[in-house]
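Common to both upcoming complexes is chain A, partnered first by chain B, then by chain C.
Let's turn to the complex of A and B:
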């Protein structure tokens, strides 16, 4: 080891946040090396073949919350980012095969939705979007410390206070009230239609270990609404799947001078006293850097890369008790034709399809997950990207990609082939109730449990947010006290992944904010 | 017609406490009570000859010591006897015992898990830290965070200072504690199911939350922030049952010249020109006063005894959306003798405290799932006590009185009223659970009163039978209780106030809402404040 560091910054993991962080650091003139264990970059933003001739976004399926500043700062459109479809409608599927409800931004209609409910929904969304406006400002900066705050934090807090005041008395007190309650009660206060409420409640619990009745699901719903705050009326699909995002980020990074090495797993982060000095790769090579930035989740970072014995006992306990067990699975179906959903036109099949007939349905699905059981009737969020994008399968063939909720990471008896098969059948059976002939169309199927997701994406617990988005694990408590503002108890070691503020979902702010923090020094 | 200075609606403990302070300040005060007896849910009732039932609230700890002293409640007959012990019975015949003695407690935990015994002191210290933080705020009026008035800003600064003293990580720990589920919180410390189940009960009692619902850790605090004779977190029995608390408050009130009328149900608060002028009883009688204080829960106050036309629209909406959910039931049982419990000798301290039969968090959470499905828990969580072991006035010599608090029981079954048959089935579910661990219990039952939320609502007047007059979730605590903008005890109409458990700091036999409301009323009347703020010990 020489005294001279090899590079300014090493980024462990080429997930979208890692690449975004690398981009911003490189743009500021830093020399950056990104080390990725897998063959491809992007982490959960990836496209891969799951059956011969069928490709799918194997991790995240929808692009909705990606921060527009990231897109423009990194010139992602110039680097190949291309939408296959944007502002897609969400269709809440009615079990009766007709009377589906269509949601587009703040508008809902169709089915037996009353005018009153449609009006109430628009009013509720309008109010919540005003709250999201306040949150967005907080999400765009590092989370402020409240007591040991410096001028930067004080400014953030002052602006937050001002933004809250600007809401006006009524909205401000309403924000303080609903920010902590559950989506079940909030929707009950506004809307009567069970199907609409069911579909909306899915947005509040996606990817989390929470049911609609769990307090703090309004917060997660606000989180989801960021997409609409960015002026999208619905999620988008990328041409060529989510791997496109990774490719664009990579291209942008390389253009900025970032070196990216794939098939290059990091074994450990080496400390000198309490300071991170270098990383050792699985092949034995050691590379030193001024800053080491982990895009891995916090548990993996501290337990595997740093080693708990190298950190103070109290903090080590905090890391161990972080809640980040995934509770969502992915289902991929290769189909020899476009599936026919009862009551939907061919065109509508390309929308976002939601199976959640009412909030109690979703809550019951969650009940099973609490006890490590499979949900017998899961809530499902479906995309059929091939309706918009012919590059993923041969002409006439289709791919169905779905998030299945719930699927507990610590399933009783553990995830094995038999349990996975059973879970897959439960999900397919549920979809078949809405698309009666789909089983005959299945050429191949793949079900990724949280354990599979953990292995595929190297995320502890297979949790797509790298840690539950619950009130005790957000903002200045994210990922855990003593490790906020992208810094860690280890000097020169930073976090830039979804485990850090403001969390996951293809948003990119964790990577961007982390870069700003590292540059601040 | 005689005009009073103030009328308090409802002779529950908060109404009486509020009235007592107002009377002590020299006001002429009338308390109106719909039942033929006072106390509301703080009562001792002889429903079976020679047995006294604390048939609603059943143990005492939260009653603020400053109020006890101020109103001289001991002189008016209140005596609280602390109790210790307690046990959770396991399905497999084992149990987890709760001991007062620290060493003995450590040995008991270590019997189940050495690791947990090591973690226990850390747990107790962490909870106590949160308790110490919250206690001083019980006797203060919450600030309005949307207001820029000096009084509110000063109170916000006071809050900020208390929190600031905790340091960055300490503050983060507090915020985590307030937003976490009790299940997650306990999982961070312990591995033994029965220990976690034993401790988690306080996180769900009286609330429509499960042990894994975020926010239930705070509810635990709500049960820990009381004290008996300065021992924070301790619980006791009011000698003669909980009615002794309301009797002492009433006696204190009357000693200041106050007047109580029973069998006087208020039909409406009379509002003229945007001001209260008195109340009209259901039977048509009217009483006049410029100040009217409602000790009814917020829903009943604004939706039942006030006219919609007298209220701002937002208050009606907020009252309709107020979360006040029945989630618990109660059995009060007269016993012919002391039942025996498997594995524990009679006379053991373990039987003198709270007894439970849920030995895992999963069983408790499943009990909550039944509530969500609008039926009573088939395997409910019980908080059972036999107070006659400590207070012999509750039952004839050699006989015993048992109180069984049951979580969960929904306010409605499948959306409709409970039937008597269902109430009896609910009672049988509870009795069977106890009998599973006490072979002679069933034969000792002389009389048994079963109360579902329906009985609680109809008799005491608690909407949906919610014992706290409103869920203790964060959307309804502090400056949000009962609703944002109305958390300082003043109603939306001049002269109208609220003093029930539906206001800060919430339910339990604490009497703080009544005292805090009195302070605000005296402030508006420009009279000297005689209501204490934070207690010296805090």
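Let's turn to the complex of A and C:
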């Protein structure tokens, strides 16, 4: 580098991982500049008004696996992180309007759930949590390389081996057996109750392009269970919506000395031979840095910011074939009253409500999506944050925020107004089967397809995790071989977003691990 | 970016393709010895391999190279695209010039070698031994280029040997003697344009003619008529192989395994390991394989590709090479060179072996009347090809 760099590190994108990475770097004494294209920071951790007087967490709706070390290291509680509700129950809604099943951590009960099933569920969760403990050890550090590994990688692998061994013979062989199979078969082995299995299977497929019968879905279920390992005994809501997480992260980062510029879109990353030197903003300004760290997803990073023609051919191919088409939509409803769900008390309406009567229902919903069609009966994950938080709507009014699974990014015929409206109606009709009067309560509605999510959050394919959490795209293969350990084939260019190990879900570890790797030099 | 694959006969109708010269090739192929080359029916030999070989070295040999894979690359980014795809600096290649090239994968292993013809500023023909369309299409993302496989749309002949220039001039292509090596020009034939390049794979004075398939038969006829008194003779792949080994040229799939076909780790070879380091321009900011090759340059290649002069006259085909009893590599191509009158071998040796002066031995097995004999033949590393006549590079091309 010939010229003096303006700063030590530029972070492209002020998503949660970008802010976390920036914060750790600043705490280590680096000068850090964060550049955010949008007016607000936080990326998918955001609160937004979607109808006059109605605010909602427009991206992620539940906080369920934020890493506790990140919270304490960055003193997020001191910087304003405040929970509106924690350890919420999940309620599997029964289409018959009664006999709903309540899931709380590793306990399930209610409805027609047999004692045997409840016991089996607890046993299964207990075992899976032991596996998650092993995973967490790997998630907390950079993924080890198998070839060309250094002492750090060898230590990680040795620890992983030891952790597996420590599971004991039975658990270890069980982990190896179930690690690669699908959630459908696994739940069938343990549990009889279709409603409980349906609800649990949703956790294994949310945000992904997989059905319960897709291989890999036990791994994604374990991934989701990481939250429980991080002491989330059920999902949580933040006071003021998920934007509060962004605010706390921003405050903490600024306190650490990070400079954050919003409305400041990066147009491209400039290379000198195969080394990143600077970024050029959309306004034409060029800023140089010793390290350039992309919080953007890998496809956006390489296709738009770096340019496929500026990387070698084989890696260009890797980027092209990465799977990251989103398959989940968001539904936001502004309501003039608390919706009444058949068979639920008012208090229970504030829980996490799941529409997935059985696993075949979820698999059928996926069938449509596989062929680029809308699911006629989608699986839905519902939150009504106003049951806990009065800051999102006027007194007496409520918002319903839901993840609709599935909604294929590459919908046949494309996501035009007509198809979006149809998808919205399908989702509302589905909810109305459980909350019969809800349609009369709707003041305003918003449906965000993966294409809308892509535009709103600048994520390729509108994918939550910046790329499928599939076995070929995790650990030392995340986001793709040749681009692991937060490094890229472009020198001085790093990845710190959900596209890097261990992935997204507002966990914060990608940003934290990336910072550690950048500091390692 | 569009990929138009030529319209070829359906495989259920015709398993093996025929080149546009086929009617003439059949007529000339007296011994009916056919082999398959990239899906085409081609002669291994027409009459007698030695006759054919000596036509190349003493008169004019004609080889139907239509099956050679040909890609046309056009579009605003054609130069930039090829510059990223290939290790050489394409900006330096002038219009109407040809370059010998290699392309590498990101690991720096050679996918294929070939020749690149610059027809116009943003119009190139890339000729390769292997089919590499997949790799080329993947590499095209982000570039405004159009890639067409024109293998079946362009008929091509190699016209090689000391009298080749005279024969072509006899066809009416005046001034061809002034065409420089690796140059090309268009000539008029039967009212159509035929491209002639001064290129070849025999290590001798020679040309390659590129034309529309409709021109093929009449071009062949006119060529053989013009060469009647100059000893013109068609040659097959076996004679070509002798000539290229004598000239020290590599063959993809023989002297190295194309990177995209490799199954086992570490079996690929980089340009530096094939003696083709001169084709790699590290001053370019980017090309596929650059990072890996830079690293290899720094830490040293794993293998050295050498030409060996082998004692005796028994071809060292596939022989192990030893250095003071230690096995250090294998022969990839070998043969007795009839004109240079020497026994040579191309070999891939582990570093650091193959230095000038290394005492090497080839373990040669040969059979005579069902009797196998094993011999250890002394080998000497040679730096220059054993066949490299001055006429190969002379301009104007000598008349003969």
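Methods note: the second predicted complex is superposed on the first by the 519 of 521 C-alpha atoms of A that agree within 3 Å, B and C clash if a C-alpha of one lies under 4 Å from a C-alpha of the other, contacts with A are read in each partner's own complex, and residues count from 1 in each chain.
Just so we're on the same page, a contact is a pair of C-beta atoms (placed from the backbone, for glycine too) under 8 Å apart; a residue touches a chain by one contact, two chains touch by 3 or more.
Quick caveat: nothing in here was measured; it's all calculated off a predicted structure.
Colleague: Of the partners chain B and chain C, which touch A:432 in the superposed model: first, second, both, neither?
Modeller: Neither partner.
Colleague: What is the contact status of A:273 with respect to chain B (first) and chain C (second): first, second, both, or neither?
Modeller: The second partner, chain C, only.
Colleague: May I ask you to decide whether A:477 touches chain B, chain C, both, or neither, giving the answer as first, second, both or neither?
Modeller: Only chain B is touched by A:477; chain C is not.
Colleague: For A:28, is the partner it touches chain B (first), chain C (second), both, or none of the two (neither)?
Modeller: After superposing on A, A:28 lies clear of both chain B and chain C.
Colleague: Tell me the contact category for A:160 with respect to chain B and chain C: first, second, both or neither.
Modeller: neither
Colleague: Name the contact category of A:307: first (chain B only), second (chain C only), both, or neither.
Modeller: A:307: touches chain C, not chain B.
Colleague: For A:489, using the defined touch cut-off, is the partner it touches chain B, chain C, both, or neither? Pick first, second, both or neither.
Modeller: After superposition on chain A, A:489 lies in contact with chain C alone.
Colleague: With both structures superposed, pick whichever of chain B and chain C touches the larger number of chain A residues.
Modeller: B
Colleague: Just to be sure I read the superposition right, which of the two partners does A:519 touch: chain B = first, chain C = second, or both, or neither?
Modeller: neither
Colleague: Going by the contact definition given at the top, which residues of chain A touch chain B in one complex and chain C in the other?
Modeller: Residues 317, 482 of chain A touch both chain B and chain C.
Colleague: Which part of chain B faces chain A closely enough to touch in the complex?
Modeller: On the chain B side, the touching residues are 145-146, 163-164, 166-169, 171-173, 175-177, 179-180, 184, 187-188, 209, 212-215, 314, 321, 323, 362, 365-366, 369, 372, 473-475, 479-480, 483-485.
Colleague: Could you list, by residue number, the parts of chain C that touch chain A in their complex?
Modeller: Interface residues on chain C, with respect to chain A: 77, 80-81, 84-85, 105-107, 135, 138-139, 141-143, 285-291.
Colleague: For chain A, which residues count as touching chain C in their complex?
Modeller: Within the complex, chain A touches chain C at residues 271-274, 303, 307-317, 320, 482, 489.
Colleague: Which stretch or stretches of chain A touch chain B in the complex?
Modeller: For this pair, the touching residues of chain A are 145-148, 165, 169-170, 172-174, 176-178, 180-181, 185, 189, 213-216, 317, 321, 323, 360, 363, 367, 370-371, 470-472, 476-477, 481-482, 484.
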